[in-house]
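Chain naming follows the written order as A, B, C and D, and within any one chain the residues start at number 1.
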Amino acid sequence: MGDKRRLMREAIADLVHDGDSIALGLALESGIPFGAVHEIIRQGRRDLTLIGPISDMAFDQLIGAGSARRVIAAWVGNVAGGSGYGFRRGVEQGIPRALEVEDHSNFTVGLALKAAAMGLPFLPTLTGLGSDIVRDHPRIRPVDDPFGGPPLLAVGALTPDVTIVHAQRADPQGNAHLWGNLGLTVEGAYAAKRTIITCEEIVDEAVIRSDPNRTVIPGFLVDAVVEAPGGALPSSCQGYWRRDFEPFLSYHRQSRTVEGFQAWLQEWVLGVPSLTAALAKLGPDRLSRLRVEERRLAAAANFAP
Amino acid sequence: MGDKRRLMREAIADLVHDGDSIALGLALESGIPFGAVHEIIRQGRRDLTLIGPISDMAFDQLIGAGSARRVIAAWVGNVAGGSGYGFRRGVEQGIPRALEVEDHSNFTVGLALKAAAMGLPFLPTLTGLGSDIVRDHPRIRPVDDPFGGPPLLAVGALTPDVTIVHAQRADPQGNAHLWGNLGLTVEGAYAAKRTIITCEEIVDEAVIRSDPNRTVIPGFLVDAVVEAPGGALPSSCQGYWRRDFEPFLSYHRQSRTVEGFQAWLQEWVLGVPSLTAALAKLGPDRLSRLRVEERRLAAAANFAP
Amino acid sequence: MTVATGTRRELMVVAAGREIRDGEVVFVGMRLPLLGFGLAKATHAPHAVGLFENGVIRDRPAEDFIYTMGDPPNIAGAIACLGLLDVMSLLQQGRVDVGFIGGAEIDPLGNLNTTRAEADGRVVRLPGSGGGQDIASLARRTVLIMEHEPRRFRPHVSYVTSPGHWPGRRRGGPATLITTLGVFDLRGGRFRVESLHPGVGLDEVRAATGFPIEAEASPRTTKPPTPSELAYIRRADPQGFWTGGPS
Amino acid sequence: MTVATGTRRELMVVAAGREIRDGEVVFVGMRLPLLGFGLAKATHAPHAVGLFENGVIRDRPAEDFIYTMGDPPNIAGAIACLGLLDVMSLLQQGRVDVGFIGGAEIDPLGNLNTTRAEADGRVVRLPGSGGGQDIASLARRTVLIMEHEPRRFRPHVSYVTSPGHWPGRRRGGPATLITTLGVFDLRGGRFRVESLHPGVGLDEVRAATGFPIEAEASPRTTKPPTPSELAYIRRADPQGFWTGGPS
């Protein structure tokens, strides 16, 4: 399947274009590919459509940086702090630019991705009946049950141009092992036209093949695999990194004003050349507090034939 | 969630009733719960509806024994030998009794179970357009795409009364670890009103909790867990048992005639009191040839927080 | 209020825990309901199972404090880590007995708004539904958790994010509302005081509620936490991150 | 036929392998196509990926002989073990370039019957579709594998299990038919001889086919296996379990 290893800068430059729709943060609060998010901002992408279930800070940062034109999501904010000020400024005041929102629930945005992942125009559901979200919704319509039951709602397929996933490990062909909570990660990778895997470790294919049930994203669906240890910080990565709680709170405080947001942006994104530099900026003590040293290994599973 | 450990005899007696619809063999050629299948025959269940994708010999045996009234499946036979003579006699001659067949493809029977697993009356699909299988089908009807695309087919939900799964290991609460090919196992367990897990080993809950991603069937969906090592033989169980090829061929030969089938039934099912006795009948040399001694363990996955 | 009877948020945790019956499948959510689930497990509902919308299934609380349901301690020792659609499918099947939801605004029918509010003529964009709409639509019953403030209790919410009682409902609906002032019975589309927290009077509640509510002349007082309940909560939230604040 | 040019089934394996282009995603199936996939991987299509309907994804053949796709050697060393619906979803998405299907009966449009046949007035129940209908409906193109016997080649199959070319088709359809006698081009709903196996004449083929077929006056001969191709096949099927029989 060929060697798909790329540097973060190359992968974002080649696979993420102005105007693209991008699904990321699909595992909800963990495994958010902040390294890729900040590289997208550094490269000055514009007019992006951001797709996800809940977004914990990542969408707020992309919106504040002016990279996004549209959001398709169930919840945008800061899970620890509540409101996302960048999101609010975009919707309420068009700062830094007007922002369209296609509101969803976690289930309906998941079904939209799943429909695309299944190669279907829609999937039916019972959720949302009686809600204002589904009223005049561009992607949700009534559908009859051909077996005579009461009517349902149909959620139309949503095909991201790019899905970005942070995995624990992958081989050079992009076969990726993920564990912990998965959220909509698998559906997002299947649904997308292009998929970028950022991961803690690129490992020998023998590691991946030793446990094919852990390969939730097969490499032939992947366009680039980027070795980016810590690429999900400050969100957590099971078995590798704890959640770094402080940046969520400090970003929440700083981003209350445009000036504060710009200061944050300059200090943590525009002013640092790369993920590596951003992690170095945290300092060794901080990193060692966040790094998981303890080992609680999955029980043995024998695949011998 | 309570201790769900049961003996095979109790689990089948309490949870499988005359007239029930039963899904089994959902992983296709591996992990077929033959131990449970033969106990169902020994207990003389009648009028069963058998549900599965392809069935490698198991349905043929239940049909020949007179336990089944109806089959809902994509393929019934003997993968090594081809035709299933018990299935043919049932359909062609009503021997030992008339047999109804609801024909499916692997995809449509999977979607029928998935619809039930999702709590939906149907799921749409593109498969089967132009096929005679879907013509006048009781569970497949045309459905319009509410977004204006070309019409699709809707596969109606299929809710088994019981799903029987053979797993590698489970804890006393029924939380089950499975690996290898899964086929429709997960969908079948979610879709069913009752689920029986037979497994190679009942393990301490700590083993299961060490790898929550391996728990593809959570215990609160399970009604009974039966420790039944070798309970899938002669089909394989990854990491525990190789496929025992010979019984598939000898059954195929013997079952060509009703007399031959009855001889097989007496020798291997009615004449032996239990799975344990049936395995003992194979003899230690045969069992040691089939048992997987080699270990090829899944690469370490760290779940430490 | 004294430490002996706990803060109002501690009272809310206890009230939330009491809504969970033994053996039930619970769509948990974070903050007070998470503590309530742990409390119920530790006391009267040892066999309850908790689902989280990220795909995590647990039958006991995480061993360390968690800020989000995705935090590593919520994964370690879980029964299962599935996908979001797997747990939503269980919800849609009707296998979830009770789900907890919060909101920024509520109306007498238990409709919740978490999408957009109006404050002094300006529209305020709220984060959105998350899984709220799904739990409200699909759980067998829901328990609502709210700050009890006049601006939040409206005759009609400006936007229905999580539907309450409405004619087309096929299952469930709001059963109980737990606020900073009391516990309310919302079954059948009525809005009745079930109990008021210690020190809270009916007038205070009516003043904080923008629509009429039913109540007996002298409503019961919310049963305060037992010492062991309080001890549990303070072990689970040692900093008072969720249960501190107004006592 | 001599060992140098191989048995007819070995010819069929080679022909099947040649239908796979490098980098393609292949819905494999068992028996001859499985050997053809391994052969293609070992020769001209090193980057092809194979999907099995039980959920297994491989980019190289199993290290030991397998009788079924579920046999443990087909799992060990796989890229991924997913579910049946996962691989069927990839098929429905249009991500599968080529799929192989066999049948008991075929007609000029490439419709296959694997459900029920009539033999001397009696109905014979066949095992059924398995994944055949799905591959026929959803793959970008299909390659059909058949025993070339008069009773199997019918103007109209009595039951369409796996649809061939028909007006409502939205994607794909039969591209090539590989039989015990030759290789046929079915694209566009025509039925043309592409090559005949060594030693097979056009008359023999017409006699074994229950409907008219197009052919050049002197059709090409199927390119026989190279020694290295034969060597591969005989390593992969040492007992001739699938490739033995009529030479």
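Things to note:
In this text, a residue touches a chain if its C-beta (ideal position, glycine included) is under 8 Å from a C-beta of that chain, and two chains touch if they have at least 3 such contacts.
This structure is a prediction, so every number in the text was calculated from the model and none was measured.
Steps from chain B to chain D, minimised over paths through touching chains, total 1.
Between chain C and chain D, the least number of touching-chain steps is 2. Taking each chain's centre as the average of its CA atoms, chain B and chain C sit 41 Å apart.
Averaged C-alpha coordinates give centres for chain A and chain B that are 37 Å from one another. Per-chain Cα centroids separate chain A from chain C by 28 Å.
Annotation for chain A: residues 119-120, 125-126, 179-180, 182, 208, 213, 238-239, 242, 292, 296, 303-305 touch two or more other chains. Along chain C, residues 56, 71-72, 75-76, 81-82, 85, 91-92, 138 each make contact with two or more other chains. A list of each chain pair in contact follows: A-B, A-C, A-D, B-C, B-D.
Interface of chain B with chain D (complex): residues 27-31, 53-54, 56, 73-77, 79-80, 82-84, 87-88, 91-92, 101, 103-108, 110-111, 114, 125-133, 150, 179-187, 235-236, 238-239, 242-243, 245, 292, 296.
For chain B in complex with chain A, the residues that touch the partner chain are 119-126, 141-147, 149, 152, 154, 156, 168, 177, 179-180, 182, 203, 207-208, 210-211, 213-214, 238-240, 242, 292, 294-305.
Of all residues in chain C, those touching chain A in their complex are 30, 52-56, 67-72, 74-76, 81-85, 88, 91-92, 115, 122-134, 136-138, 159-163, 166, 168-170.
Contact residues of chain A toward chain D in the complex are 1-2, 117-120, 173, 175, 190, 208-209, 212-213, 215-216, 218-221, 303-305.
Across the complex, chain C meets chain B through its residues 23, 25, 47, 49, 56-57, 59, 62-64, 71-73, 75-82, 85-86, 89-95, 138.
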